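In the two complexes that follow, subunit A is the common piece, with subunit B as its partner first and subunit C second.
And now, the complex of A and B:
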């Protein structure tokens, strides 16, 4: 039983990171219709910014952390203002290719600025553990889960109860009507990109805390996209649930399915495949994702 | 009249082609009276870009020294360093460029075993010697006329790791975490073969895909199997992540890995927690006052950028040593080949290199017509977390396990 709980907690920890990134995908997609393939790169840049302030400039982690969040938001806004604002209403393929290009540019630029090595982002939780009745969990993982949980509650309340949140939801539903009702649609789009940058920076810092800061950490974005699609691209709760499912499935697959051998057949590392296998299975049953709304086309 | 002109023209063209063909037949690609052109293919932009620059640094320094002292048999070395991106497709592009456009004589280094496999037919077709780094046993079983490996192969290093464990603790329960590719599987094969040879077994294995950073479930699987040693066929970030996970689990399991992780940045990533981490490598730590290391440092001070390379405490010195070993081996082959340099004579020259003294940096270099792998031997190093460096705990030794 202890093992199962440890696997679940480990999955929840990674799942929280996927959920945060998936949240960014959903928010930007819902608000602007752009599928941001550079979300993983946003996370990587956020982690590098925190590393710069905490490790290179020797600021306390608790100071570097909010600075990285603010700069994550600034990155989102700048990307929107420079590139995406002009793409509103363009075909989804054009915007996808634009974000794919941005992902590549962000990685190359980060490589030029910070180099291609692996760096340690030391936090107050590094190498510290919590032991509860024989179940051992790193403080960093626990911190990731708790902060993510608080953030999800805050975001849900923001979108359901605040005027700005409701305006964002309204804009996502129907941009034209929202504009006619006096909502500043461009401002809403910019805020969506800023929030996308914030959650990505958070995910990047949590990921770096659990492992290290490096360019390749941006690859986590593709799994977060699987989580977002799994949960439903138009559902915030779906993004959160999708991330958690992907994290836990990965954790179980890694513990029980990886490295199995049958005669000369070797399963290898199933963990990386598991997330996509689950996504495909769910989409075969519910093409719109778990919480996604089915689109009805009236003719 | 027109017919005569046409026939005359064709005859002249044929004669010119005959002469030109004769001239080409007399030339060797990449070799002139004053120069021999060689290539060093390293990763400067792909997943292995961490390893590329130190190897290129070593090649450039060594070549600068050789050229300054008159070259080999009156020929200076023209070194082409090319980015191979480490992947098979990008390595193929780089190999085509250096062989067909730059027209190099040989490939004195190629980083990446999969890329080396991909370009081997091209090297065979163009009769170019290939010296692959990260060589797998496919390169020496059954062996290839054009392939020379001055570096101990991964299979042998993994066998050496397991033999070391079982020699120090015959009842050890051994697990293995390995990268799910040719590099990792080569290590797994070597570890399993050694365990079987020593009457034991690898009780638990856990593969991971390239880029994996979360090892919690891999380590849980190891702990469930009650292993007391884990052999890691991983790269630096993964080893550091596993050390971190071991600390988080508060588990005193022993870790032993391969040469790729024996670099100073491990201490920057894992800190004092790296203490006790072991690895098997053909290269002695760069801080030691061994004759070969002193020589390399002296030459680097004169011909290279010492402060940036071996004088920098965080520099991955083992990669520099590895690059040095390769170019040193190739240049000995050039010496043995003599003034009449051809693809055949460099092969014969390399096969005549015997017990070239590396001054303790790595096993001495020896090739023969029967063996194009210089050595199967390696050292065992242990991390000293306090001093932030690796120390030799078991000298250069060849594993007893036969290569299958």
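And now, the complex of A and C:
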């Protein structure tokens, strides 16, 4: 029993990272119609920024953390203003490929600045564990889960109750009508990218909490896409739930299916592909995801 | 320059439209045949790389450019071709002439598996599905004893009776012939009924279906043909490199194929060739540049890996923003400019 709870909790901590990233995907996709393939790279850059301020410049972690968040938002806005603003109305293929290109550029730039090594981001929670009635959990994981939970509540309230949140939802529904109703659509798009950058930076720093800071961190973005697809690309609650499910599935797969040996196939670290298997299953069975609405298309 | 107007459908879809095209083609063939006797082995190896890339890019362009189906697993399909030929020729001792089409068919069979879900998926969902397929392929070859994981596989040399294909020049002619046949086939697919159906699906699939085009048949056909091309490219690559590892066929390869067709021009055969040439040249150009600046900035050569990825990204982003029709678009603009010179239109 304890083992299962531990697996679920570690799945939750990874899952909240996926949820944060998936939230970024959904937000940007809903309001601007762009699927941002560079979301994982945003997370990686966020973690590196935090590492730069906390470990290289010796600032306290609690100062580096907000700096990284702000710079994450700035990155999102800059990417939007430089590239995506010109792509409004282009085909989905062009926008997807543009963000794939951006992802390569970000990885390459980060490689040039910070190099290909593996770094440790020292935070107040590093190497500390909590033990509640025999269940052992790292403090970093607990802190990730709690902060993400608070953030999700804040985001849900923001989208359902604040004027800005409601106008974002309106823009997502119908850009032209929203513009006619007096909503500054460009502003809304920019805010969506800023929030996308913020949640990605957060996810990156939480991920650094659980492993290391390195370029390959950005792969987490592709796994978070599985979460976004599972929940439905146009549902914020779906993104959160999808992330949690993917995290838990991954955690169970790595405890029960890793290192098995069949005839001449050994499963090794199956955690790496569990998310993709989920993604393919969802795409085969219910492409619009759990909460997504099926689109009816006219010629 | 022959007749000014095309008066029949046959003329419009002719392979060689006029004397101008024919004479340029003849010049190109002569140059391509003379090149291996002029170039040094290193330069010839670049040409071989381009030839293999042309075959793969043609396949991806038939799928993505003509039919409009995004595929982020083309690199994985190239890998399937490469691993097929490695296993077939090393374990079963099959001849290259048998394993070449077989590895194409193997890739096509797996490409069809990717193609079936594409009947339901569109746009970004298809992109994600193919992305997931690429990762799963990489996982399988890393963990299957048959493919020897990270260690990779050795690929035997190609032999025709007592003649062994081993020098760059031998490979050059082998790759040139295959690439030329592949180009001819792609051109013919594109100008026949199949190609027109592909373009119709790309423009508006629902409308195409309403016009009586079977989406199931043509989408699956597009995936199959594209994967077959990828398999051929992979087979040649495997024999050329003589050693293949999973890292050769990761997402990076898929992205560079996409960069080729975007850079060259989506939905054009000439574009695939131009794009494949340019994208293959870029890494060599970067190596050349870092070599030139070796004395000024010694640390530069360590950064090549980062540069390569970044330049690919810049190429994709820059083309999409400034010249969405790619090199083919530039070529056409220049052609029109000179045709009507000194008048603007």
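Here is the rule we go by: the second predicted complex is superposed on the first by the 291 of 299 C-alpha atoms of A that agree within 3 Å, B and C clash if a C-alpha of one lies under 4 Å from a C-alpha of the other, contacts with A are read in each partner's own complex, and residues count from 1 in each chain.
Heads up, the rule we're going with is that a residue touches a chain if its C-beta (ideal position, glycine included) is under 8 Å from a C-beta of that chain, and two chains touch if they have at least 3 such contacts.
Nothing here was measured: the structure is a model prediction, and the numbers come from that model.
Peer 1: Check the residue A:254 against both partner chains and state whether it touches subunit B (first), subunit C (second), both, or neither.
Peer 2: first
Peer 1: After lining up the shared chain so the two structures overlap, which partner does A:217 touch, if you call subunit B first and subunit C second: first, second, both or neither?
Peer 2: Only subunit B is touched by A:217; subunit C is not.
Peer 1: Per the contact definition in the header, classify A:287: touching subunit B only (first), subunit C only (second), both, or neither.
Peer 2: It touches subunit C, and subunit B stays clear.
Peer 1: Between subunit B (first) and subunit C (second), which does A:101 come into contact with in this model arrangement: first, second, both, or neither?
Peer 2: The second partner, subunit C, only.
Peer 1: Counting residues of subunit A touched by each partner, does subunit B or subunit C come out ahead?
Peer 2: Touching more of subunit A: C.
Peer 1: Quick one: is A:272 in contact with subunit B, with subunit C, with both, or with neither? Answer first, second, both or neither.
Peer 2: Both partners, subunit B and subunit C.
Peer 1: So subunit A touches subunit B in one structure and subunit C in the other; where do those two contact lists coincide?
Peer 2: Looking at subunit A, the two contact sets intersect at 116, 266, 268, 272.
Peer 1: Enumerate the contact residues on subunit C facing subunit A in the complex.
Peer 2: Per the stated touch rule, the residues are 64, 68, 70, 72, 117, 120-121, 123-125, 127-129, 131-133, 135-136, 139, 142-146, 204, 206-207, 210, 255, 258-259, 262, 303, 305-317, 320-321, 324.
Peer 1: Looking at the complex, which residues from subunit B come into contact with subunit A?
Peer 2: 47, 49-50, 180, 204-209, 211-214, 216-218, 220-221, 224, 236-237, 240-241, 244, 247-250, 265, 268-269, 271, 273
Peer 1: Under the stated contact criterion, what part of subunit A meets subunit B in this complex?
Peer 2: The touching residues are 3, 6-7, 10, 13-14, 116-120, 127, 129, 131, 136, 138, 207, 210-212, 214, 216-217, 219, 251, 254-255, 258-259, 266, 268-269, 271-272.
Peer 1: Within the complex, which stretch of subunit A touches subunit C?
Peer 2: Against subunit C, subunit A makes touches at 35, 83, 86-87, 90, 92-94, 96-98, 100-109, 111-112, 116, 222, 225-226, 229, 233, 264-268, 272-273, 276-277, 279-280, 283-284, 287, 297-299.
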